[in-house]
Amino acid sequence: MRAANCLRPVEINRQSWGQAPGRVLYQSGETVVLCTASVQSRVPDWMVGKGKGWVTAEYNMLPHSTGSRKNRDRSGKVDGRTTEIQRLIGRSLRAIVDLEALGEHMITVDCDVLQADGGTRTAAITGGYIALVDAIRSVLPEAQIGTPPVIDSVAAVSVGVVDNEIVLDLDYPLDFAAQVDMNVVMTGSGRFVEIQGTGEEATFDDDQLAAMLKLARSGIAELTERQRTALAN
Amino acid sequence: MRAANCLRPVEINRQSWGQAPGRVLYQSGETVVLCTASVQSRVPDWMVGKGKGWVTAEYNMLPHSTGSRKNRDRSGKVDGRTTEIQRLIGRSLRAIVDLEALGEHMITVDCDVLQADGGTRTAAITGGYIALVDAIRSVLPEAQIGTPPVIDSVAAVSVGVVDNEIVLDLDYPLDFAAQVDMNVVMTGSGRFVEIQGTGEEATFDDDQLAAMLKLARSGIAELTERQRTALAN
Amino acid sequence: MRAANCLRPVEINRQSWGQAPGRVLYQSGETVVLCTASVQSRVPDWMVGKGKGWVTAEYNMLPHSTGSRKNRDRSGKVDGRTTEIQRLIGRSLRAIVDLEALGEHMITVDCDVLQADGGTRTAAITGGYIALVDAIRSVLPEAQIGTPPVIDSVAAVSVGVVDNEIVLDLDYPLDFAAQVDMNVVMTGSGRFVEIQGTGEEATFDDDQLAAMLKLARSGIAELTERQRTALAN
Amino acid sequence: MRAANCLRPVEINRQSWGQAPGRVLYQSGETVVLCTASVQSRVPDWMVGKGKGWVTAEYNMLPHSTGSRKNRDRSGKVDGRTTEIQRLIGRSLRAIVDLEALGEHMITVDCDVLQADGGTRTAAITGGYIALVDAIRSVLPEAQIGTPPVIDSVAAVSVGVVDNEIVLDLDYPLDFAAQVDMNVVMTGSGRFVEIQGTGEEATFDDDQLAAMLKLARSGIAELTERQRTALAN
Amino acid sequence: MRAANCLRPVEINRQSWGQAPGRVLYQSGETVVLCTASVQSRVPDWMVGKGKGWVTAEYNMLPHSTGSRKNRDRSGKVDGRTTEIQRLIGRSLRAIVDLEALGEHMITVDCDVLQADGGTRTAAITGGYIALVDAIRSVLPEAQIGTPPVIDSVAAVSVGVVDNEIVLDLDYPLDFAAQVDMNVVMTGSGRFVEIQGTGEEATFDDDQLAAMLKLARSGIAELTERQRTALAN
Amino acid sequence: MRAANCLRPVEINRQSWGQAPGRVLYQSGETVVLCTASVQSRVPDWMVGKGKGWVTAEYNMLPHSTGSRKNRDRSGKVDGRTTEIQRLIGRSLRAIVDLEALGEHMITVDCDVLQADGGTRTAAITGGYIALVDAIRSVLPEAQIGTPPVIDSVAAVSVGVVDNEIVLDLDYPLDFAAQVDMNVVMTGSGRFVEIQGTGEEATFDDDQLAAMLKLARSGIAELTERQRTALAN
């Protein structure tokens, strides 16, 4: 059994399915997300003429990625959870892109969950970063991590309180049992991009918060290393 | 000019407009939110038969609450920001309600922003709590704060980093200028319900996080006192 | 108890909530409508290039404005009653604006019902007129009532047959009991803009019609006077 | 040329296209409306268990019924004009049906405009009445006009002010030129069901109103006679 | 009773209801479709600047065209069957129009089913062709069948296997009983445009296919003759 | 280069991504479709109480499965092509299932295109059949191909006319160049389920039709063999 302070095994497969320049199959334990990214030579209407680029993300679960089939978002109303997640992914990726350096281009990162076992949003951010880098490289062959327009790396992990114990990288059973659930997004250089901590009909105190943040930081350091290796190949 | 560690002036007006048992006009500086709440003798379909209640919230900005008119959410697609905010309000209020003690009832809290100057979501939580208590009292005359089904109070405040300074309770100009924006929801007894911290195309470190949380805690203690006074009248 | 030929008490509060140049809290008895108005420097697509302006209105009831909570119009289908009412308000306001003199500007008047006790559409017209004048004044400081582009004032009242008696200004219980319900919109100079009379599973004859119109005329004369006073302050 | 106080030629063709028990092709000059009606053994959800029936109407213009093609109402938003018209038709027909006597049945009257030359809503009411009677007769063979559940007949006509002259039964060119446009719905026994008079960026006075109502009354008397004849065949 | 290898009686009425240049009431037995067509001086966005025209079709059943009332497609979701049919009609008509010769014009053919007794889609194609020719003639007075932009005629018929017998032109009872249902679209010169054969929870073999195609060919030859006669008048 | 009468290489991977009992990654050349299937213990509303089951399919292309990114079907309007394809898949699968033997169960087959290079609908049918068999086996362990409720196998292939040559199994470049495109669905026992042949602004004659059907038959025989092998493992 996995220790409470260990990540699930990660597998990163670049050049996966699809026709986008960035196409990464990202696996974290039993969670599998296909992250694809491409660059368009246009920006959303509200950004035209500002000389800046934009990064946007879409998140989707395939109907049979979960134990009981989930209906597709075809009714015209994307559900609230999906909306929140894709906004989070977009913000996280924008934090490490120099939008001015990008010029008037838009990068769209699609995160399609093929198999879900908890942590799909953090997998989407961590894998989406790699797809984004590949997409940018395809149009800007000279681009390297750490140099514009990608100014840092970004990764994410969940952490929580389960049975009053601090646990890293919640799979579905742990997430279901958690009193507190926190998603942490950090850069490769160790700065916070986003913290979203929620008590699930429960609350938490300062000590629990500190312990969760410490554990998240160590997990993200490990994921950053995995990203670096994958992109070096 | 207001000090960086001070709240804006708060005004709480119970028995305001509408026909709901809970109807509170909550003002924080130039931000004005009408919070109304009522109790229905039913629960959402997916909760029927569980013997538990539910608390849900809707958030809406009136078109002319902002400087340039905002279109109504009538297209069938509630925008992502609205969705996130009303989910946050709902979770925050559920954290201090004993849903089992509530029985199969649903409380709907409507938060309509009449005038917006930043901090509308935290105003909606802080004011919504009072409307919720009034709504519960109307059907359960004996209910008191601290006794079931309301087991604690809840309030929220924003905090951020502006020009590298930690600032409490961001109004719109401060929010616009902020590098980091964090919303903190806490109970009257001082436990976290929710933390949402976001770098706006920026990031933050551990020290900044600690300073923001400390300032938020002090602001919420003051709001909790204001809620107590308002409900005592 | 109010006499059958008397209006409910009217209160008009300019400079109310919101950030629009026109923002009026209009109260008629227990009915409370927030009317806000602003001017945009554009017209609807189908009017571009005609050198004329446009006036449009939106009507909305807050969910808890009524005794049992009313769902928001967020499904993508605005209900038929709302559609009819906001078209009526728009036509009524356009009748007293010289659209050529307005030039290619659009005035949007929002009528949000905070508390409903019958007569919300007539309150929206009577109060909306004041918000419209304030909005026009904000962009055309020299504009005065009676001079272009506002060429007259407009006000509205309901009248009906209840227990075979002709009654002015129906509140909700009267409206519910009415056999015939008629909304009359007139200019300050005493000409009809709109008459909408409906038998509610009932019918009416010439004499009843004449009596209703006479009573409506007297009510509107009084409302016109109230508008004049409010705008003079 | 038709005199200002004359109706256009009317043609009523029962047993027209479709499979409904009531199916009437109603022509008034160049305006052609196919009115069909059937009876369902159920009522809308909000009427279940009240022991009463309901009458509802739908109005639709075929795309090529007008000079320039009109898009179909398939976007999920029925336009405001259509909504108003079908509500008017429904109310007008309900006024002459004894809903208690109908029992828990619903009559749906569809009014599809095949060719439009003004006055489509009044044609829909006048022709829809005949379709409704045929539909009721099909399920209640004994039902006769004047006996329950049809307690009267109903017909409608437009009247207006064109070049300061009072004109009956406006075709499209007259409607387009009209300063004032009024639709009047009356029973066969001569009582008003509905009056909707609107100044089109214009207003009207008491004398004009009186003259319009008088002319409408004479036109409706003639239409009532036509309905009687058609149903007698 | 009609023989298995005979068409139902056909009636073609040009200059029918509506204001389009092409307006044909097409009857095949008890099936009645109003086909109207007009030419717009624009093409869909994705075709702009290609110097080619486009032909599109819309198909709709009136609510009371069928035995039990069918709801209108007003929910924003056109049902799958309707979508398929109108795409089929559009492709069929485009096959006999020289889109380059048409230039940047769009022809819209509306097929509204007034009465349905099986074979509505084939009636829509066969009648729609005539409306299309009339529409083109109205803008291109010199255009003749067989000369650009109409380069051939097109007609359609259904054929099927009922009780193991090959049957031409299925009416509703035959269609309901059919094991196999095939729609065949052919040009006047005898070439296939489209074949859509479907086993209804059944399958078919080569011999049945050959027999169906042969019978369809003879039926279409007869329909082509009827079209020629109608257009010659 | 592949010969005109040869299939592309096929790869069938059972136990692929997801949590459904049937989950097959089906590859035909560069076309990759993830077919997943599960069984629900309910049927659509209109089938309740008939003692029969139902098989339905959903088809979807991932945004980056194609060369230029395709938007998701989230607007509330599934596009016409998608609607047609998923109806075709559903009919094809129902043709080889004994719905009575299935009882009141519904099988949902999801076909998500991960990579598209022509022939996605035929891949979805051929792969979807395998996922369906696995899903049925999971609830009915004893079920075998050829025995109830699966009474036959089903597979599909495209065939067309390209440069006047008859070609099997069109990839995207061939499909784009094809004058005629035909999809053929057949059972393992060699009977037709569905034939859909379309001239793309072109037409075809009897000889071409015969040649296409012959070639399709040989391709489907080969696919049937591949399905048999895959399911035997």
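A few points about this structure:
Lettered A, B, C, D, E and F in written order, each chain numbered from 1.
Following the convention adopted for this analysis, contacts are C-beta pairs under 8 Å (C-beta built on N, C-alpha and C of every residue); 3 or more make two chains touch, one makes a residue touch a chain.
Keep in mind that what you see is a predicted model, and the values were worked out from it rather than measured.
The set of chains touching chain B and also touching chain C is empty. With chains reduced to the mean position of their C-alpha atoms, the one farthest from chain F is C. Using the mean of the Cα atoms as each chain's centre, the chain most removed from chain E is B.
Averaged C-alpha coordinates give centres for chain A and chain C that are 51 Å from one another. Mean C-alpha position of chain A lies 60 Å from that of chain D. One inter-chain figure worth recording: chain A and chain F are separated by 34 Å, centre to centre, where each centre is the mean of the chain's CA atoms.
Of all residues in chain A, those touching 2 or more other chains are 76-78, listed in ascending order.
Chain-to-chain contact here is organised cyclically: the chains close a single ring, every chain touching exactly two others.
Starting from chain A and moving next to chain B, the ring of contacting chains follows the order A, B, C, D, E, F.
For chain A in complex with chain B, the touching residues are 76-78, 80, 83-84, 87, 91, 94-95, 99, 182, 187, 190-199, 201-206, 209, 213. Residue ranges of chain E in contact with chain D, taken from their complex: 17-20, 23, 32, 34, 36-38, 40, 58, 60, 62-67, 69, 72-78, 108, 110, 112, 114-116.
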